[in-house]
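Here the chain labels run A, B, C and D in written order, and each chain numbers its own residues starting at 1.
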Amino acid sequence: MDIKVNVRESEGDAYVVDLAGEIDVYTSPKVKDAITELIDREHYNLVINLEKVRYIDSTGLGVLIGGLKRVREHGGSVNLVCTNPQIKKIFDITGLVKIFGIFDDEQSAMKALA
Amino acid sequence: MNPAPAASRSNGVVRLEIPAVAEWVAVARLAVAAVASRRPFSVDDLEDIKLAAAEACTNAIQHGPPNGTIAITCEVSAEGITISVSDRGHGAPLGTVAQERIGDAGRTEELGVFLIRALMDTVEYTSDVRNGTQLVMTKRISR
Amino acid sequence: MNPAPAASRSNGVVRLEIPAVAEWVAVARLAVAAVASRRPFSVDDLEDIKLAAAEACTNAIQHGPPNGTIAITCEVSAEGITISVSDRGHGAPLGTVAQERIGDAGRTEELGVFLIRALMDTVEYTSDVRNGTQLVMTKRISR
Amino acid sequence: MDIKVNVRESEGDAYVVDLAGEIDVYTSPKVKDAITELIDREHYNLVINLEKVRYIDSTGLGVLIGGLKRVREHGGSVNLVCTNPQIKKIFDITGLVKIFGIFDDEQSAMKALA
């Protein structure tokens, strides 16, 4: 019922945010803080890895959307790695598949940033 | 609509009350999922029910009165589950919220109520000054 | 005993009511475990709390009135968790039950109350004709 | 939150009952039925494999004790296979370790029946 957040630098100024656990109204502020800090440090190309996320609610989606909006103002983008069918379904239902790049593995998500 | 035979499984009602605080939403969604999992819902449906219940609690926290509690009632029958989520707030003009379809740009606002409507079979909001806001939603067991 | 600072985690009270029927005990034990897991209990302690709560519900089903409900209240604080389990039955002379130690032969009867006493830090039964049987038990967070 | 029960014949008239899931006040009648049926068919040497049991309560213990008492009347025995530390702890606390043979694997439990 908790979230683990890990931020690491990757190739060509891109950053990866690894999330593991459940993103809900209680845990999403922690995710928001990590993304906000990266953007404040002027990193605008982000991969958010949701492979180990078992659950996400609308507040979690809101945090991802907020991050995307901010990096776009700087010509950046947010790509997601997501394999969990239930979570993919949420992105489908909400039409967020049209907004985010969603990839099956980190390598593809990274490549698509460039 | 005849009474069930005595030996059949009970059409149970489970009530839960949590503080209207973010920390406790996880307890509500696990409890609701546990109630639903006593009936033959698919894994997919169980996840839908869990998320819808959580969204309702999140809304009660974000739009209900501060320091309040949230009352959740789950009733299961052979047909499915009925979940009601209530807070003591005055509510909002909920009738029209989140009925629209997704535009070309995808949906980025009012995702909570939108998800509830998308995931459940029926959703009904009632809201008045005396009784607060109540959301009643149902999910049928698919065969 | 001073009021907690506003920003600290709430000392939450979660209430649950289930039909006094075997099928619903699993919901109660999952909900109680979910409440407890919001505090830094060890995995071992969480399992103890879960089993003790379930044993209390099982007793309410087996010794409480038929067709009743079981009320479960969980209150967490920085120190630990207090769980109360009540049914509307007249109870039994519980004060003396299951206080004995295990003999050479091991224990084969009245395991429920015995386990509750063994797993929790404090256990108190009250039982009267008017209010039914209530079990209040606590578990401290060990440091 | 459910129990799976599987009964299979083993060497030398012994039977193995494989249990998987959670044994509580709701599911233990199913376990009891399986054990009762074996005893009614005059099989008195049983290994009950709890390796895949994640949870057991006092009604589950009661079913095991009831089975043991019945087979003993016929000179038989019940050996348990149990590796889950939480469940072992319950057998310890209740002193049931003194009554049941409890083993780390099926082979040892089987051997000890003889």
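Before moving on, here are some points about what is shown:
Please note the rule applied: a residue touches a chain if its C-beta (ideal position, glycine included) is under 8 Å from a C-beta of that chain, and two chains touch if they have at least 3 such contacts.
In this text, all values refer to a predicted model and were calculated from it rather than measured experimentally.
Contact with both chain C and chain D is made by B.
Graph distance from chain B to chain D, where chains that touch are one step apart, equals 1.
Set against one another, A-C and A-B show the most C-beta pairs in contact at A-B. Distance from the chain A centre to the chain B centre is 27 Å, each centre being the mean of its Cα atoms. Separation between the centroids of chain A and chain D, computed from CA atoms only, is 48 Å. The distance from the centre of chain A to the centre of chain C, each centre being the mean of the chain's C-alpha atoms, comes to 41 Å. Residues of chain B found to touch two or more other chains are 23, 26, 30, 34, 38. In chain A, the residues that touch at least two other chains are 1. Taken as a contact graph, with one node per protein chain and an edge wherever two chains touch, the assembly fits none of the named shapes, being neither a line, a ring, a star nor a complete graph.
All chain pairs that touch, listed by label, are A-B, A-C, B-C, B-D, C-D. Partner chain B is touched in their complex by these residues of chain D: 1. Those residues of chain C that touch chain D in the complex are listed here as 22-23, 25-26, 29-30, 44, 47, 50-51, 54-55, 57-58, 61-62, 102-108, 111-112, 114-115, 118-119.
Chain B makes touch with chain D in their complex at residues 34, 37-38. Chain contact summary for the complex, chain D toward chain C: residues 1, 22, 24-26, 55, 57-59, 61-62, 65, 86, 89-90, 93-99. Within the complex formed with chain C, the chain B residues making contact are 9-10, 12-19, 21, 23-24, 26-27, 30-31, 34-35, 38.
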